[in-house]
Amino acid sequence: MNEKCMELAAQLVPKTFVKVAKDASHSREKQIENLLIHKKIPEEGWDDISIELLLSQLALMDSNNFMGNCGLGEREARVASSLVARRHYNFGHGIGRSGDLNEPQPKAAGSSLMYKLTNRFLEDLFKLMGIQSTVRCILVPLATGCRAIVVDTKRNGDQLETDVEGILKKIKEVGANKVLCVMTTTACFAPRACDNIEEVAKLCKQFDVPHLINNAYGLQDKSVMCRIQKAQRVGRVDLLVQSTDKNLMVPVGGAIIASFDEDLLQTVSKCYPGRASGSPIMDVFITLLHLGKSGYLKLVEERVEKFKLLSEKLREIAAGIGERLLESPQNPISMAMSMSKLPADELRSYGAKLYIRSVSGTRVIDLMEHKIICGQEFKSWGSSTNDYDVPYMTAAAAIGVTDDDIDLFMKRMKKIFGKNQ
Amino acid sequence: MNEKCMELAAQLVPKTFVKVAKDASHSREKQIENLLIHKKIPEEGWDDISIELLLSQLALMDSNNFMGNCGLGEREARVASSLVARRHYNFGHGIGRSGDLNEPQPKAAGSSLMYKLTNRFLEDLFKLMGIQSTVRCILVPLATGCRAIVVDTKRNGDQLETDVEGILKKIKEVGANKVLCVMTTTACFAPRACDNIEEVAKLCKQFDVPHLINNAYGLQDKSVMCRIQKAQRVGRVDLLVQSTDKNLMVPVGGAIIASFDEDLLQTVSKCYPGRASGSPIMDVFITLLHLGKSGYLKLVEERVEKFKLLSEKLREIAAGIGERLLESPQNPISMAMSMSKLPADELRSYGAKLYIRSVSGTRVIDLMEHKIICGQEFKSWGSSTNDYDVPYMTAAAAIGVTDDDIDLFMKRMKKIFGKNQ
Amino acid sequence: MNEKCMELAAQLVPKTFVKVAKDASHSREKQIENLLIHKKIPEEGWDDISIELLLSQLALMDSNNFMGNCGLGEREARVASSLVARRHYNFGHGIGRSGDLNEPQPKAAGSSLMYKLTNRFLEDLFKLMGIQSTVRCILVPLATGCRAIVVDTKRNGDQLETDVEGILKKIKEVGANKVLCVMTTTACFAPRACDNIEEVAKLCKQFDVPHLINNAYGLQDKSVMCRIQKAQRVGRVDLLVQSTDKNLMVPVGGAIIASFDEDLLQTVSKCYPGRASGSPIMDVFITLLHLGKSGYLKLVEERVEKFKLLSEKLREIAAGIGERLLESPQNPISMAMSMSKLPADELRSYGAKLYIRSVSGTRVIDLMEHKIICGQEFKSWGSSTNDYDVPYMTAAAAIGVTDDDIDLFMKRMKKIFGKNQ
Amino acid sequence: MNEKCMELAAQLVPKTFVKVAKDASHSREKQIENLLIHKKIPEEGWDDISIELLLSQLALMDSNNFMGNCGLGEREARVASSLVARRHYNFGHGIGRSGDLNEPQPKAAGSSLMYKLTNRFLEDLFKLMGIQSTVRCILVPLATGCRAIVVDTKRNGDQLETDVEGILKKIKEVGANKVLCVMTTTACFAPRACDNIEEVAKLCKQFDVPHLINNAYGLQDKSVMCRIQKAQRVGRVDLLVQSTDKNLMVPVGGAIIASFDEDLLQTVSKCYPGRASGSPIMDVFITLLHLGKSGYLKLVEERVEKFKLLSEKLREIAAGIGERLLESPQNPISMAMSMSKLPADELRSYGAKLYIRSVSGTRVIDLMEHKIICGQEFKSWGSSTNDYDVPYMTAAAAIGVTDDDIDLFMKRMKKIFGKNQ
């Protein structure tokens, strides 16, 4: 309530009461003011009241919520169902303009503001996770994913590592000027390691080839982010792509595209042909306000602990049934347990047994599935290489995983593999 | 967003966009300002965005929503479940202070303000419905209802009317100084009429006896309100009691106590021993903002039409089965159809048949039920008298009734009474 | 989804996926089934999904949510504003029938069921808190509070205790058969102690006088509940009254009336004249499902710790300014710090200073306010006695109080009393 | 509630009440059953209660809502903020699997089911709007938009029409085997007409070139849909692309891709590289349930009327200031008013004047802006051609436009152009 309303309120309620209330309302306003001044994730997460207050104030800045607005375009953010309007906090205009995601939308100052702030928050998040160079981010309402020429990994012990030599050879073979980009991956299923992005970055620099890092769920891990920072220092890194749902605990639907080169990012932003859904942006905006920096760091640190815990427990289980945890020291999120003692044709049934017992996310790789996608052959599909010889099961300790998840998993594993123990 | 935030926003979004958005936000603020200036129901109903905006701003004025509040009393409006907090829009302090409902609560300036405004709205509503004398209202979070000495009605044609002579006699018999109050009823089941409140008011004035009008669902009808106004002019009317759910389309739980005498109302307000639930107040507050005066009047007028429609349709049905609509011209909301041709012991089964076909609110009076409550005998229970001779069924056209309700009712009536046609 | 829908779903989504989903849906159903079998607070709190699922299923049992319902009574739970409908989860019929709160409402099987379950939950809660005798509860949508003849407390050290002798004398003086009831209080501001309810219960038994215990916020404390149990064993206890907001962390608005005598409780239930608001019932229902027994006990135990912490901290502060914590060992929730060194006429300004710094719930008793209520004189108003000689300030560690509350309070206390240190 | 719960309920609430409630609950279940049997938009829109009931039941089928689920993948639909979870009705898994949008997701049977149903609804909607041939649809969570080689329109009177000859010439020039597809547009700003899609379809058939119709907001208009049907009959139509927000009154964010060739659509579905946001799908799902067929048709018919009304009113305004409505009889949604009497360099200021008066969606084309996009030159940008000679302003009567919109627009137009009148 503005100054005047507060004065009017004092006609009905004692002045002293209103005074205290005004001061209190003022501190909420101040909170929003500070957010707009700093354009950073708040240190401490906000409560839901503040978050919804800000959302409602932003929504009022969009034309579809103007009193006396008349809309005569072909797209005016009219919403038929009040359930839909409500769940979008009365936002409807999406983000961007035709031809540039990042351009403010005249009909939607509030949506545009939310988008700008969210991108700033993400830049702040990269800093928090260890990136020291200046980085620019845009959040795009697309899931991540892509397809390309594959240079197979090479094996080192259990671990599957980047075949840097192979990439070098392939660049020379194809011709550096014909390579759109080299794509590396930081976050993948064990026993594959985080790619050797530093060495690939050097190659890319040397041959003047763009380097795109698929960092799908690497943003949650400081060691990965640290390697990205190093890769950028010693070589070439053009774009980083990461999923919002995998790193920020929001529903599926968004990707963060980040770059150390602002112009490049502008070009990417102009590639999205139309206006886009604002829904994944709102999810990220709310979540970062909710968690604050301290909340996110807490999740990040807890995840590291859970990873250790899960490794230990799984190692025990493995030992009990004559199997072992594959060694993939450079994969900080996913792990794999060998399944070499069980009959090969029964392996999948173990996956199914876990699935029907509500264990989700584990994968059994029996090395027996071959796939051809766009002419590219993938032997032992799912294993990140063409000739792995140990069948295995993966499990990940990703952000938000809890002790309960791990306990329940162990119980069910014991039940299923019990007869083998 | 305040002036300063809007300026800051212009660092991220073009100034012109922010300017338009600021003007738009301003008109919402203006709307709240006007409400606080006039303290009346808005002419046109507000949209949900404005209503929720106001509620959230009021909630911020209550201590439980202060940032940095520390609560060290035995009751601090802490709420355990976020579902509960959410459904109360983060209000938790209830209304009033121990010993006076109407006294502002220091911990809850917002709740107190909402309560004061709601009472003002109700006074405005009485005006809208035809009361010209100054009237004061308090909304109490109690359902209506009471028990007393009964002076039976007397019959005039089908209609049951006030036995004014009987009341006079009873006052004399008991002694006027021993009568706590005379209670009349405006709204009741046909064939009972609205009480002759004008004549009773005269008696009360003459004998200096308080007069309380049970106007449970009379507020929705202008003819009833007009009679109350007249009663007050020609005689004595002390208190009016009406249900919120029956008149204002809110969930059960509140009563409006109104009086032409402000001091008397203050005394009533002090009778409620503790702090009270704010929930029924919030319901009324939201609803009156939502409907606006025009919305309420539209409902009131539609109801009068539906009453006519229901009368006609029921009259037809009655004719088809050799029954008739009882004549109760002074009951503007409820009506009764005779059920004299059916075996007396089967009458109740007709009520049950309607009930299991999702017809609610009709009542079958077979005149065969006798009850004794607090020593007072009620023959032919439910009929508003002790010796009615025509069994009947009542139906009401109350506020919010729709054409669909009436159509469905007719179809089901035809099915049930079909064999008799 | 029922069996058939699941089968149909398998036309669109693989059977195995549907199978797993069906099992999962089934476990939610099972949860509801178990609730209905045991009619007790669940051991572990439910998540919001289950709570809202149950609420929506109960709401569907009320006539206003029947598809094809036609309502022809004067009260059909039609709701004008969708905001209001939504915040009541589409419940609208309130609870009870005219003349008995506890009687099921034919139009509202769901509401009635919720009410019955809530009352059962409360009985379970009394057990949890230490009552071993069979107890019956009804939740009434009224705040607690009452007025009566006062027998002053007597002082023992700092503590104000029950004057059992005085009560005995007063019963004899008035005549036991003319005493409606003796009312004791368990929960009150320090330095008053919990009343000696055991001795009063004996007196009441001896003189055959009803005994009502105002247990406003005593339900949260096991030591209080234990004394109530003992009082019932050694003497007479008729009714217990407790606030829902003070004990269960819900918004103001409900009271739990409990009795060891089921017939007596039935009589009380019939005293509420009309149908009543279901809103306070819903709040309690949701909250107990949300917390579960373990969640409530955790709050109860934490509160005991916070009480100790607050006592220590306040004792320190007091020492620093030459004051002391008054000794009131029999008050487990509230405490009082003497304020005897400050000028008497400035004491209130300290209360105001705390208030404008968002400290709520503390009370400064300067012993200088006298009040007359209903002809009864109260000297040194607020102090639970007529002649206390040490001015003081109270603070309570009630359920839900946090470390943050206590820290902030200490900081502000130090600021305000700093100059005296 | 299932059978067993209902039986248990009858222990607390009378059997007859429960029986009626059970029947009522059953009719809601039946409604869902019928939806799953027919997989079509319901004739009449559902109420919010049914919609939310279905959503909650679908959500329970997703693994993140299983009780006792343990998630050990890198993406488990954990949601950090309860605000986010709530606004997505606890859905979090998005839709599709890596590599195919349309493939059911094992972790998310409910989401998958919702997606399948939504696509079926859309096919049903095409039928409703006049498409008789079998059509398949997929909803993709992307906004529409694209860039290509341009064949300029040719002028006929005021109207800009398809240069079919020009397209023929260009196909021959480029070589049919090198043309990825011909793209036509049905819905565009007046004075451009709907493209001559029938003739282009014939050309495409003749030269064996794919034909993609940008039907961005044409789905709302039966005349456009009728032409699409005809084009498919007489020639070749491969893909239809339409925006959800422009046709279905949902927030920006989705596109409907439709085809008469199921295999082609499968191929398109496999082009989306990862899992995608389910948010636009949920919006469409809710909206079509909410409107039902009858609700959508009502909107469609009202729009046609509003289009006539807006044309007449704008024609009047134009006449008053010496301008005229450009004749574009083949554009059923957008219209244009000449602005030839005003100084060319002031034209844009009129756009701004409307904008700051909260008129959104109108566009002033002053023919003075030239743009180069991807090397392609666009003279008189915004006019759909390179050499139009009449500056003009467009306005659209799109779905959901109201009388109020038109009234307000007229008032503001009169104010702005008043001095010219």
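We call the chains A, B, C and D, going by the order they appear; numbering starts again at 1 in every chain.
Keep this in mind: a contact is a pair of C-beta atoms (placed from the backbone, for glycine too) under 8 Å apart; a residue touches a chain by one contact, two chains touch by 3 or more.
Keep in mind it's a predicted model, so treat the numbers as computed, not measured.
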item	value
Result of counting contacting C-beta pairs for A-D and A-B, higher pair	A-D
Chain whose average C-alpha position is farthest from chain A's own	B
Euclidean distance of C-alpha centroids - chain A vs chain C, Å	45
Inter-centroid spacing, chain B versus chain A (mean Cα positions, whole Å)	53
Inter-chain centre distance, chain A versus chain D - centres from mean C-alpha coordinates, in Å	29
Residues of chain C touching at least two other chains	16, 20, 24, 48, 52, 63, 66, 68-69, 82, 106, 355, 358
Of chain C, residues touching chain A in the complex	16, 19-20, 23-24, 82, 352, 355-356, 358
Residues on chain A engaged by chain D in the complex (per definition of touch)	48, 51-52, 63, 66, 68-84, 87-89, 91-95, 98-99, 106-107, 141-147, 187, 216-217, 243, 245-246, 248-254, 272-280, 282-283, 286-287, 290-291, 295, 299, 310, 333-334, 355, 358-363, 373, 395-401, 404-406, 408-409, 412
Residue ranges of chain A touching chain B (in the complex, touch as defined)	1-2, 4-5, 8-9, 11-14, 16-18, 20-22, 24-25, 27-29, 31-33, 36-37, 39, 48-50, 52-53, 56-57, 59-63, 65-69, 82, 90, 104, 106, 109-110, 112-113, 116-117
